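Before I ask anything, let me first share the structure, which is written out below as structure tokens.
In this document, chain identifiers A, B, C and D correspond to the written order of the chains, with residue numbering beginning at 1 in each.
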Amino acid sequence: MSFNSFGHMFRVTTFGESHGPAIGCVVDGCPPRIALTEADIQPYLDRRRPGQSRFTTQRQEPDMVRILSGVFIDAASGRQVTTGTPIALVIDNVDQRSKDYADIKDKYRPGHADYTYDVKYGLRDYRGGGRQSARETAMRVAAGAIARKIVPGLNVRGALIQMGPHRIDRARWDWAEVGRNPFFCPDAERAAFFADYLDGVRKAGSAVGAVIEIVADGVPPGLGAPIYGKLDGDLAAALMGINAVKGVEIGAGFNAAALSGEENADEMRMGNDGKPAFLSNNAGGILGGISTGQPVVVRFAVKPTSSILTPRRTVDRYGNDSEISTKGRHDPCVGIRAVPIGEAMMACVIADHFLRQRGQVGEAPAWPFAKPAP
Amino acid sequence: MSFNSFGHMFRVTTFGESHGPAIGCVVDGCPPRIALTEADIQPYLDRRRPGQSRFTTQRQEPDMVRILSGVFIDAASGRQVTTGTPIALVIDNVDQRSKDYADIKDKYRPGHADYTYDVKYGLRDYRGGGRQSARETAMRVAAGAIARKIVPGLNVRGALIQMGPHRIDRARWDWAEVGRNPFFCPDAERAAFFADYLDGVRKAGSAVGAVIEIVADGVPPGLGAPIYGKLDGDLAAALMGINAVKGVEIGAGFNAAALSGEENADEMRMGNDGKPAFLSNNAGGILGGISTGQPVVVRFAVKPTSSILTPRRTVDRYGNDSEISTKGRHDPCVGIRAVPIGEAMMACVIADHFLRQRGQVGEAPAWPFAKPAP
Amino acid sequence: MSFNSFGHMFRVTTFGESHGPAIGCVVDGCPPRIALTEADIQPYLDRRRPGQSRFTTQRQEPDMVRILSGVFIDAASGRQVTTGTPIALVIDNVDQRSKDYADIKDKYRPGHADYTYDVKYGLRDYRGGGRQSARETAMRVAAGAIARKIVPGLNVRGALIQMGPHRIDRARWDWAEVGRNPFFCPDAERAAFFADYLDGVRKAGSAVGAVIEIVADGVPPGLGAPIYGKLDGDLAAALMGINAVKGVEIGAGFNAAALSGEENADEMRMGNDGKPAFLSNNAGGILGGISTGQPVVVRFAVKPTSSILTPRRTVDRYGNDSEISTKGRHDPCVGIRAVPIGEAMMACVIADHFLRQRGQVGEAPAWPFAKPAP
Amino acid sequence: MSFNSFGHMFRVTTFGESHGPAIGCVVDGCPPRIALTEADIQPYLDRRRPGQSRFTTQRQEPDMVRILSGVFIDAASGRQVTTGTPIALVIDNVDQRSKDYADIKDKYRPGHADYTYDVKYGLRDYRGGGRQSARETAMRVAAGAIARKIVPGLNVRGALIQMGPHRIDRARWDWAEVGRNPFFCPDAERAAFFADYLDGVRKAGSAVGAVIEIVADGVPPGLGAPIYGKLDGDLAAALMGINAVKGVEIGAGFNAAALSGEENADEMRMGNDGKPAFLSNNAGGILGGISTGQPVVVRFAVKPTSSILTPRRTVDRYGNDSEISTKGRHDPCVGIRAVPIGEAMMACVIADHFLRQRGQVGEAPAWPFAKPAP
């Protein structure tokens, strides 16, 4: 049963509300003897952390992670490594300013999960969004930092490729650029435009959505499983489950509908390395739910945050019509910080399938096969 | 662990290859005392069945389902009902014509999962696609027919809304039209166009993709669970896991990225029925992973089938460059038959979450709440 | 969620009632390229099959198993092997004599699950016990036959060591004897006694219980997982879940309570093979939930069947006091046939943990370790 | 996948080592609106806590539990209640005296899991037993305290009924006595004897085992599920998974093997409350894996702790023969503190099945049934 856990072999369970004492997670099933300290995790959290530019919420969340279990000093190497037992991570909640929640404790913010939590559970922790807060995603990023260490050669990178209606120019894609602007944008020219554009959105108290692309290089072929353990199915769940995500696509994605069969099918030739080389990657690195060895490419759409200054019509929990507007510190484009989160989810899914494949199949078959004697 | 199972409380495990003796599934966790005979399932299978028009493969698969377990005559009603024990369903494979597989047994068809199965497992059942065959989806449809009976008032319907690059006109949407044309298309005018268009594709030995929309009415509010049991996350996995699907979106979907916060957030007013009425449905019926009570709306993109007449470059399992073209009976647009499959997956996911919600929360909280005395 | 499935990586789902069309199972997660035909499974089913001596029920259940999926001819070896996809097995129910169930359809047989099924589900398939019938255990045996092929060097054997109050003499234990008498008894002298004893029980229309011991040799060290994936925990669940089992113990078992710490702890010395040798096996091959490399030894107690000739007081489903006695073909000691079932469950649990260990840890650490430089 | 989680709907994941910063757990799937503060949990932890009499280890572990998430003030009642989101509990480790582990870091203590952890993972946290420490069981007790609040009318109580070879006299059973002696012993006379007996064991630096009985009153009929979600199967796993447990039995248990069918089957009569009354309880409240409504009765055997003063032969992790004796603070009979742990595991399993039954079946069928018209 999955309420607050994901993954099978590499299984992550998160807990915590935005304004409770702490948020945290338990990573179970991690292989032993992987070097791990807080320093391996913190840099990824720092990338996700708000308050680093004027384009994200000005809340100060230092997000200092602590490892509570599952690591020990390896006598052989003298390094701190995983032990194979559950790795618990916590981040104390420190910026819980004593705020007046009078306005939102009874009223439902349109576009937020206020009503759905109330109608499901009969109550909700309304402080800072409670469990529905994007704060929970810090633990995804932390778990993802561990996941990245499991699959040899795996490299998972993400980029913002659209903000509001404005797309990047893929011809200008430069991965190095992603680290140079506050938008994780691979197109320097577009990034400059986004700065102005988002300033306008922010000053208007409005918000915009975004599209994020995540690319995993170094995914071994053979990960995934028919029929309901497909790699693409699990990626779709992992990414759609990120707050505010409304769409996920793989490879050619929705554009695949408009392609002909001739255009869509990725042809193959033998590569110099003795492996098949695909001449295109409309499949996004996945065929039949199983990785091909090509880069795995996914995109997801993030809706604009629903926390805006303009008053919106709503109802309260006692059945009265009302109005609400959201003051305070909010991201004008939550999609920006979704980049490290999407990377983390991709890393977790791939690590999980890597362990599952090793479990079921063991050593990978040696491909190409020897031709049987006639 | 999910290899070939999906769902938690309502759990479906499928088995079988295209040209083995039979395909089948086990539905576990179904509530007892639900009236069920083969006649409740067969009509849905008949909708999915190929060979019903010139626009789908001419294979003849009668797809007669048999219930092997989990039903009994209820003494009280005299009707055959579920017993609460596993319901096994099988369909014998009858149209396994003794075909020459010489061409595909060693060569990988681009766009198919031939290479990935081989590199994962070291071998594959190449007859008719084996486990990767769309034939497996018949069992999804069968399981979906049971799922539809679990949630009172649930109505799940689907429609083809795009074929190749051609979209329907939503202003002409008529659900009644869906049953009148071979494309499950709600736009009669577009359906007529599709007939000509697809004839051309078919005669050229080519193939096109499609976009399908599934709408579930009558979904109670409160289904879904934070954070990794989200209704949208599970729907995304279920739909992305259908053969040939490359994208899934919910509500406004990818368009949400281009909306402003003001446009996107669905405002609320109290309805006459004492429930909140949403003034729009960009959320697609899901907020924070939990159903709102509005219709749940999802769309998914189906790539063109990779079985085409034009020769394509490929490699074989022994590491040689080669060429392949696919002769024989194939769907020029597999997206058409994805409509009943998508409906079934949606029904299964909603039934699962209905049971999960009943388990965790029991009777739903009475909303709106009584205002506490001050 | 487990209703009718067990195992994680090696996962078995069974279905079927005693008098429905068929019983069956789906084995998911089996590694590919393992040679498998019906001939690998049938001998184990034949051992479990009733009607082979006067000491088991005279029902004729040929129990011919058919493989419906998950196998294919391997081009390299020319043999039929597993493909890594789900293996579905079915056994048609053939001996469903049209019997008069008037007596048991409304009355609850004491000691049977008639009342509990009714009060849980609101109805039950009463024909031959329906889902609660021991017939379901045939599928455990079939799955176990596959499980045995997964762990190299694994040998799982079982024996009946007590019938009614009468225990065997362990000094006379001879594995070869197990195959020579109808009781799976390793003590020839006791077996002769059991023949007379059970004849008396049978003729009196009564029934007796039994204790079974299962020993697995060749279990690699390191299988099992703290804290809730312990090998002993999973074995306990697997064996307690066999029909009529009321107790499970491992190694010294309940006797361990009476031992001193000195007696109980198994001392160790280095063996000639470079592995540790334990000087005793009170642990039953498991410490901290993880296999030690010693034989894994479990015992379980089977209650007498509750189907007896003597009339017993009971109630019916309409709330009336009543009486019932069970005529017809029944085992005077169901414990006998529990031997192959217990073996199968042990094999399944060990195979599951073997794959899980390979998944999480990969190649086993090379023990003993090299001493780090000071 | 279960490595460090148990339960399905009511799912508990624990983490932490004896001498790490903290131990903790996440309870997922708990229903909302259940009153819960630390004061509901702490008393159960206090019962388990060592150092309360001379008969348990003198380590001082205050075991103060903190709730990190999943609770909030309910506006309607003004009380702190569960929210339906994950409840994280932590206990900081405070008595981690800087001890010299030189002796045990390389040597394997016979009867402990030192060797198995090493051979499985390639290293282990040897401080205080690390993950294998009984300290982890504090989190089971904490989770059990929550589980007790889920099933209305449930009362789970445990007692020590055997220490070493010495059994209590069941005729003197008095539940009130359990709280009056340091052994959780329901037989006052035996408790006095145990005090002397265990003093002798303790002074000799030895250890003894015990047998514990847990009784759950108020278990509704209908909990459990065929065939692999049986209530007894899950109880067996839960109890066998407690540290040092080597046997589990239900109802008549191993004695059932020696009973005749007539003796064993619990007869039924209609009770005055309109429910069936069983005239005995050899079944231990479970038939066919499903609760009967009678008390659920289980017993489990705890081996003597392997930490004893007498030097024992062993090997070290570098493959050398060696000797070891355990100094320091240890329980001469770990079985004593297993009483609250066993209660907790029973409560967790029953709560889980209560939610599962509510999920699958919903409102229980009204028994007895109305007789259908002829």
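The rule is short, and it goes like this: a contact is a pair of C-beta atoms (placed from the backbone, for glycine too) under 8 Å apart; a residue touches a chain by one contact, two chains touch by 3 or more.
A quick note: this is a predicted structure, and the numbers were derived from the prediction, not measured.
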{"item": "Chain B and chain A - chains in contact with each", "value": "C, D"}
{"item": "Over-half contact-pair match to A-D, picked out of the listed pairs B-D, A-B or B-C", "value": "B-C"}
{"item": "Inter-chain centre distance, chain B versus chain C - centres from mean C-alpha coordinates, in Å", "value": "38"}
{"item": "Geometric centre distance via CA averages, chain C-chain A, whole Å", "value": "44"}
{"item": "Rounded Å distance between chain C and chain D, as computed from the means of their C-alpha atoms", "value": "25"}
{"item": "Touching two or more other chains - residues of chain B", "value": "1, 3-5, 8-9, 14, 29, 32-33, 75-76, 84-85, 120-122, 131, 226, 356, 360-361, 365, 369-370"}
{"item": "Complex contacts: residues of chain A adjacent to chain B", "value": "1-6, 8-9, 14, 108-113, 115-122, 131-132, 136, 162-165, 201, 206-211, 221-230, 232-241, 243, 245-262, 264-270, 274, 276, 279, 282-284, 286-293, 301-308, 310, 312-321, 335, 356-357, 360-361, 364-365, 367-371"}
{"item": "For the chain D and chain B complex, residues of the former touching the latter", "value": "1, 8-9, 29-33, 75-76, 78, 84-85, 226, 355-356, 358-362, 365, 369-370, 372"}
{"item": "For the chain B and chain C complex, residues of the former touching the latter", "value": "1, 3-5, 8-9, 11, 13-17, 20-24, 26, 28-29, 32-33, 66, 68-70, 72, 74-76, 81, 83-88, 90, 105, 120-125, 130-131"}
